[in-house]
Each structure stands twice: as structure tokens, then as C-alpha cells.
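Common to both upcoming complexes is chain A, partnered first by chain B, then by chain C.
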Partner chain A sequence: MDIVFEQVDYIYHANSPFAQRALYEVDLAIEHGTFVAIVGHTGSGKSTLLQHLNGLLVPTNGKVRIGEYTLTNRQKQKQLKPLRRKVGVVFQFPEHQLFEETVEKDICFGPLNFGVSEDVAKQKAKEALALVGLPEQLLSRSPFDLSGGQMRRVAIAGILAMEPDVLVLDEPTAGLDPYGRKEIMELFARLHRERQLTTVLVTHHMEDAAKYADYVVVMQKGTVWKTGTPEAIFHDIDELQQIGLNVPETVLLKRKLEEKIGREIPSPCLTNEQLIDGIKALFFGGRL
Partner chain B sequence: MNVIIGRYVPSNSVIHRMDPRAKLLAMFIYAASVFFANNGVTYAMLTAFLFILLLLLRVPFSFILKGLRPVLWIVLFTFLLHAFLTKEGATLYQIGELAIYEGGLQKGVFISLRFLLLIAMTTWLTISTTPVEVTDAVESIFGPLKRFRVPVHELALMMSISLRFIPTLMEETEKMIKAQAARGVDFYGGPFGERIKAMTALLIPLFIHAFKRAEELAIAMEARGYRGGEGRTKYRLLTWGSIDTWLLASTVGVTILLLLFRA
Partner chain C sequence: MKQLVLSVENLSFQYLGQPNEAVRNVTFHVYKGDWVAIVGHNGSGKSTVAKLLIGLLKPKHGEIRLFDTVLNEATVWQLRRRMGIVFQNPDNQFVGTTVQDDVAFALENNGIPREEMVERVQAAIRQVGMEAFLLKEPHHLSGGQKQRVALAGILALRPDLIILDEATSMLDPKGKQEVLEALIDLRKKQQMTILSITHDLEEAVQADKIIVMNEGEIVANGTPSDVFSLGEKLAEFRLDLPFVMKIKKELQQTGIPLSVHSATIEELVDELWTLYLNK
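Up next, the complex of A and B:
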């Protein structure tokens, strides 16, 4: 589903003394099937933007189009259910939303809410659990007996079981160790490819944005500051650092190396692999 | 969010700078004396006194009135109930079965005024006093009860912790509503059974989280050497000044006058 933001403003507590503007005239287009990373400083409006994707918030001004749905400020909450089935949102610390007696019931909760029959829901729960890399025996366990990492995976499975077309991820790896982070991110990358999803990832890890995203959207003070491919966005290091953001470590290393040896490394060096390739090219290209 | 009952409004007025103990005691005495007022003179005295206290707050009067608006419905309801159901004195007005008597009208006015005075007085306290100050004052005022093994410090601590976590819980509730709405929960309608289910999906995670947090808080406090009120010093010291004596004395004065003038 294509996602288009047109001149979207969002004001919290509009028309009250506590009004606070979070989004300013946001224009943004996300094409079907792309993996988009949204980065930005705390308070830049990332989370507010994200909540527009399934109508948890509707724009104060402007409109958001998601596939055949259009959200404006006249939206009724009741009409949003079909949209929410198609747009799965994994919130920050999703394990906090677990509540059922068993893992199976919790994963089935979403599908059942969207009118899937019980047998089908159970089947989907089984598949989703396998997808996030957990053994089937866990289905009958209480989610509260699991480890933190397992709980996170169960919560993610609860969203995946809804089989959304658009997957929205709000810092899905916050608080995980590096290994767990990599595993979860690889899972999302695989799902994105296999199920032809549109994926929107909000993250603080520039490495993840560089590695997995087709496009990077940089938010600053409630508006879209810049969009582009990771190569283009992470090219200008100083500019990003000025608005309080960083670039992947490998890009920094590349710059230091280039300064030291006085040559250009012929690679954007967004990931470890690219960095290695770049250095290899220096050595074996006979130019050093 | 335009209810101002229980909300603190920062300012640097005389009242804001007073000792919270004085304000708390004044509020209690005033609240008690409201129940002794029983004629026009006494009610007028109480209203005038409160009016002065509210003026000293240096918070726009319209702001206070606006905040009290939601309570006005209850006040109006009380008034109507008394006006129609009390059958004393001369008949003033009659429509069929319904009749308004003089006594009823008077009682209605007095009772709703009493209601209004009580709410306005507590609002006066909370506008000028932070919850932390209120708990400090409670602990200090009830301090002597420690001799009788009343856990005053612990009670005050419980009070401040619960006040501290109200905004946190509100925030968490909002987040949880969103997270479950994203999983297809309909909080705005649907059949009764589904709504019950929606409430469990909301309340269970909130409870679990609150318990977890309570445990973490206890550990964090113990890790920093907390072991109850025994020998514990205070960061904010309460200081009683002459202005506080004045407040208390004038409140007591009004009460004495009231007792003299009541019918």
C-alpha cells in the first residue's frame, strides 16, 4: 500500500491552553514495498508521525492516504478497524502489552479481533511463533514466565499473526543486546522480502537504518528535514551532526581513514561488509 | 483537561509561600466551621473570608471559576433537590403537584453554598500547595501520633508515592490503549462482552506493570539506604512564619465570630 502524507499538521490537545504542535506541514511519500527508516532526535515527531499510519492519531490539518484509506480530521474511530488490520504496529517495548494466560491466546488476540475464526487464528499463532524463532512448546506457557527477549518476540508474533501489509516498527530493538538486535532486525528484513511488505522503521541506530532501509527520512522539529537513500543521507556527516544525529560508525571510520591516507575509498561504507570491500579495493586495486 | 480541582498552579503569591501546615490546618478548620453556619450572616462571613483568600492567590479569578464549572452541575442538582423536596414555610410558587416553599429555597441556597465553599477552599489549598508540600504537612501535623505507634511517616510516604505516580499511570494507560487498539481492540463501541475483554486487555498489563514498578522502586530505595523515617532528615524544611500565625489566627477568628452569630 502506498502511503502519502499531504501537508500534515498534528497538534496535541488542540484548542486548549495545553496545545502543543508536534508535526508541521509534513509531506512524505512511501511507495508500496519499500523499507523506510525514520530517524531523528528525541522529540522530532517520529512517534507522532508513526501513529498516523494506522489512525491512532488523525491529522489536525492535511491528510494521510494509506492505500485506499484517507485520514483527515473528520475521521470516526469506528471506521479504522480494517485499516488497522492492514497496518501492523509494533510499539516500543511491545512486551508490555501481553496480557493473556498463554502465549497462544495472546498471539491469537489480534487475529480474533479482526474476525478470523479460532482455528485459523491458532494456525497463524503457530506460524508466527516459528517465524520469530521460538519453539512451539511455548504456546501453552504463560507469557509472564518467559525471559524479556522471548516476551518481545511473542509480542512481535502477535502483530505478525495479523498478517499486515504494512509493518510499522517503533524502535523494535530498544533494550536488546547486540546479538538479539541483529536477530530481530534480520527477521524483519526477511519478512519484508518474503511477504512484500512495506516496512517503516523508527530507530536511533543509524547502522540499522543504513543497512536495512531503501530510504531514510530525517525528522527535525516536527517536520521532514530530508529524505533520500542511505548513501545520500549519510554522505554529509557534518550536516547530520549539526542537528544532533550521527552517522554509522563505519562511515566515520571511512572518513578518518581517508584523511590519514589522503585517498578516497571507493565505497559508501554504510555497513561492515561495504567497509571491508572498500578497503580491499584500496589494497588489491593496486592503488595503495 | 480544564478541571482544576487538585491541580497546582505555580505562582509567587503570599499564599503560595506560606507554610503548608498553616494552609492545611486553616483548610480543616474552615471546612469544619462551614458545617456550623446556619444563617445568612454566617454564610456571608465565610464567603467573604474565602473571597479574600482566593484574591490573595494571585491566580486569575476567571481561571478558578472556569475550573469549578464541572462541579456546578452537582451544585445545581443539590439545589434543585432541596428546593423541591423541603416542605417548610410559606408556599412561594406552585405548578400542579410541584411546589416551592420558602424554607426549601433557603435550604437549597445554603446547602449548595456550603458545597461550593468546601470545594473552593480545597481548590485554594491545592492551587497554592504542591502535593509534596501537602504530604510533608500531613506528616508534620500528625507527627505526635508516632508515640502511639501510628506509622505516620510510612503513611505520608505512601501518599506521596501514589501522588507521584498518577501522571505516570495516566501516560501508561494512554500508551496501552494505543497498543491494544493497534491489535484491533475497539474501545469505543461493540457488544458488552467485547468491551469487557477490551478492559482486561488494558487493565492486566497495567496492573502487572504497576506491581513490577513498585518492586523496582522498593529495591532502588533500599539500595540507597532508605530504612523508614527513623533519624531521617528533610530536604525541604517547613518554616513557620508570622504570616502563618496570621492565617491561622484569622481562620480561628472567623470561626469564633461564626459561632457567636449563628442562629
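Up next, the complex of A and C:
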């Protein structure tokens, strides 16, 4: 499903003394099947933007098109149900939304809500649990007896069981240790490939944006500041730092080394591997 | 000799119905003005230690002392007034309807006179860079902003010990840097004592001392350079080397003879430059 924002404004408490503009003049096009990272300083409007993707918020002005659905400020809530089945949103700390007695019931909640039979829902729960790398024995356990990392996986399985076409991830690795973070990000990268999803990742981790995304959208003060490939976006270090963002450390190291040595490393150095290869080539020659 | 602020002796704890102890024989000391970081992966027991410290959980064995006072049911309220904790998720900590009310909440609870309260609230909010948001509602703030307000609420209390339980793990890099700088400043100017519980080794680098936990036990304890020299061992504890150390190690394996000294990007670049010129 293609996602298109046309001149979207969003104002919290519009027409009241508490009105606060969170988004303005947002134009954005995300093609079906792409992995997009949305980055921006805290308060830049990333999370507000994200909530438009399944109609939790509808634009105050402008419109959002998601596949065949169009969201405007005239939207009726009940028309949004089919959209929400297609767009799965993993919120920050999704484990806080677990509520059922067993893992199985919790994962089945979404599919059942969208009208599948109990048998089918149970089958989907089983598959989703395997997808997130948890053993089947956990199905009968209470989600609250699991470790934090396992709870997060169960919550993610609950979204996957609805078999969405678009997966929206709001800082899905927040609070995880470095290994947990890598495992979860690899999981999403794999799902993106295998299920041909459209994936929208909101993240503070420039390293993850550089490594996993096809495109990066930079938000600044409520609007889209720049879009481009990770290579293009992380090329201009000074510009990003001016709006309070970092570049991946690999890019920073590459730049400093280039300045010092006075030679260019012909690699974007978006990952550790690329950086090591780049430095190796500098020292030992050979192709990059 | 520095003054002993917090002493933890042979602390153990077991959650009900769990086969193993979540915290086992943990002993450590925090001195005045020190910054101690407890690091470990999710589930290593480090957050359980934080909950024991503020008396949310009761130890199975062992003793916790703040200065000369032993933590027990009789002293817990008194001690909580002297220890401020910032948890990972600020949403669960908000009570005020505006940022300044929220920061003032604990001061009101403790009967601080109004003039002093106003001054302390403003100072605390300034320290975390949130002065533009004094009258905003906390639930309209983004995650990082909320966490800075939560920290301000603690700072306003001027506690003997600040405990940070993964408190910067949700902040963006700039927000995190601001909070870290505020903490560094606090320690320098007011001799604030800080115990930070984190899995972010880049953050732990700021500390004077790092305690590494794994499966409920302390497995390493020392200065940041002691701990990072463990190299491979850290991976066993599901911890990652800081970026510079990781890159350096991989470069060493390709045959670039880097020394062990460089710890920052600048130092690593300098060393690579020297080696490049002499190659």
C-alpha cells in the first residue's frame, strides 16, 4: 500500500485556547514495499505523524492516502476498522498493552476483533509466536510471568497475527539492551523482506536508520525537513547536527579520518563492516 | 577519605515462584560525589537492585545503608526522602497538570515553604533545559521531554543520592547528552552522588566506577577502562563494547597495529593517521 501525505497539518485541540500545532505542510510519499526510517529531534512531530498512518489521528488540514483509504478531517471513526487491519502499529513499550490471561489469548485478541474464527485465530497466534522467535510452550503462560524482552515479542506477535501490509514501528527497541535491540531489528528486517511489507520505523538510532532503511525522512519542528537515501541524508554532517541530530558514528569516524589524512574513503560507511572495509582499503589498497 | 553514602552488603532477593534468586550476594559501596554505574543486560538483576534500594522490594538477605541508617520498614519513608529515583518510563511518574506543578509535587509533600519551592522548581527545570515548558501539560510532551521533567522533580528535592534506572534509555542523542551534562554539572558543583543503572556502555563511560551484573551477581567491578579491557568477556554478559573499542578491535584483527589507548573517535583517528603516515 502506497502512503501519501498531502499538505497535512495537525493541531492538537484545534479551535481551543490550548491549540498546539504539531505538524504543518507535511508532504510525503512512501512507495509500497519500502523500508522508511523517520528520524528527528524529540518533539519534531515523528510520533504525531505516525499516528496518522492508521487513523488514530486524522489531519486537521490536508489528506493522507494509505492504499485505497483517504483520511481527512471529516473521517468517521468506524470507517477506519479495515484500515487498521492493514496497518499494524507497534507502539513504544508495546508490552504495556498486554492484558489477557494467556499469551495465546492476547495474541488472538486482534484477529478475533477483525472477525476471524477462534480456530483460525489460534493458528495465527501459533505462527506469530514462532515468527518472533518464542517457543510454543509459552502460549499457555501468563504474559506477565515473562521477561521484559519476551513480553515485547509477545506484543509484537499480537500485531503480526493480524497480518498487516504496513508495519509501523515507534521506537520498537527502546529500553532493550544492545543484543535485544539487534535481535528485534533483525526480526523486522526479515519480516519486511519475507512478507514484502511496507515498514515505517521511527527511531533515535541513526545506526539503525542507516543499516535498515531504504529511505530516511528527517522531521524538524513539525514538518518534513529532508528525505533521501541514508547515504545522501548522512552525507551532510554539519547540517544534521545543526538541527540536533547525529549521524551514525561510523560516518563521523570516516569524516574525521578523511579530514586528517586528506584522502577520501570511497564508501558511505553506513555500517561497521563498510567502515572496516573502507579503512582496510586505505591501508592495504584494493577495491572497496 | 570520602564519605560513604550508600553501602549494600550481601544483598539477595528472589521473586515469588521463581527458581533462582534475581539478585545474589551483591555488595558494593557508593561514596559522596561519585558516579557509579551498574550495567547489565535486560534481566541481569540490575533493576531489581534499584527496587531494593528504595524499599519497593524487601531483600531476602543482606543490608542496605544510606549513611548510618539501615533501610527497613521503620526508616523507608525517611530514606526515600533522601534518595531520588528516576525510572525508565516517565509516564508512570507524572502527577501534576503542568510541568511546574509536577516538579513541585514532592516539595509540597515535604512541606517546603512556597518561596523556596518556587525557586527550587525553577532552578531544577532550568537544569534540565525545560524552562520553555513550565506551563505545558506533561502528557503533551514527547518521551525525552517527559524524562527531563521527571529528573527535574528529583533535582528539586536535592537528595543525597540520585538513582537513575535506565532513565536515559528513551531519550534522543541530544536529549540524552543534555541530561548527562546536567548530571555531570550537578556532581561537580553540588557534589551530587549518582547511581545509574543502564545497559548503555556509552553512558557508563561517564561514571567513576562500573559494576557489571549478570544473572543476579556482580561479575566485574572497576573503572571504565578496567571494565572495557574485558573485551570478549563483555559479550558473554550480553553487553556490547562501546563503538570505538569495537572498531579498534576489528581493525586490529585485520593487521592494523593499533594500541590499547585510544578511547574516543578523535584519539582513534589520530592513531590511524600516524600509522597511515608511517606505513
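Definition applied: the second predicted complex is superposed on the first by the 284 of 288 C-alpha atoms of A that agree within 3 Å, B and C clash if a C-alpha of one lies under 4 Å from a C-alpha of the other, contacts with A are read in each partner's own complex, and residues count from 1 in each chain.
As a working rule, contacts are C-beta pairs under 8 Å (C-beta built on N, C-alpha and C of every residue); 3 or more make two chains touch, one makes a residue touch a chain.
Quick caveat, the model's predicted, so the values are computed rather than measured.
If you put the two complexes together on chain A, you find that chain B and chain C bump into each other. Judged by the touch definition given at the top, the superposed model places A:85 against chain B, while chain C stays out of reach. Of the two partner chains, chain B is the only one that A:56 touches; chain C does not reach it. In the superposition on chain A, A:148 contacts chain C only, with no contact to chain B. Using the contact criterion defined above for the overlaid structures, shared-chain residue A:94 touches chain B, although it does not reach chain C.
Put simply, more of the residues of chain A are touched by C, taking chain B and chain C as the two choices.
Only one of the stretches 93-101, 183-191, 201-209 or 219-227 in chain B has C-alpha atoms clashing with chain C after the fit on chain A, and that stretch is 219-227.
In the three-chain superposition model, chain A touches both chain B and chain C at residues 96. Taken together, the chain A residues at the contact with chain B in this complex read 13, 16, 18, 51, 54, 56, 77-78, 81, 84-85, 88-89, 91, 94, 96-99, 109-110, 113-114, 144, 158-159, 162.
Listing the residues of chain A that touch chain C in their complex gives 12, 20, 41-43, 47, 92-93, 96, 147-149, 171, 174-180, 204, 206, 244-246, 249-250, 252-253, 256-257, 260-261, 272, 275-276, 279-280, 282-284. Of all residues in chain B, those touching chain A in their complex are 1-2, 175-176, 178-186, 188-189, 200-201, 204-205, 208-209. Contact residues of chain C toward chain A in the complex are 41-43, 88-89, 140-145, 166, 169-175, 199, 238-240, 243, 246-247, 250-251, 254-256, 265-266, 268-270, 272-273, 275-276, 279.
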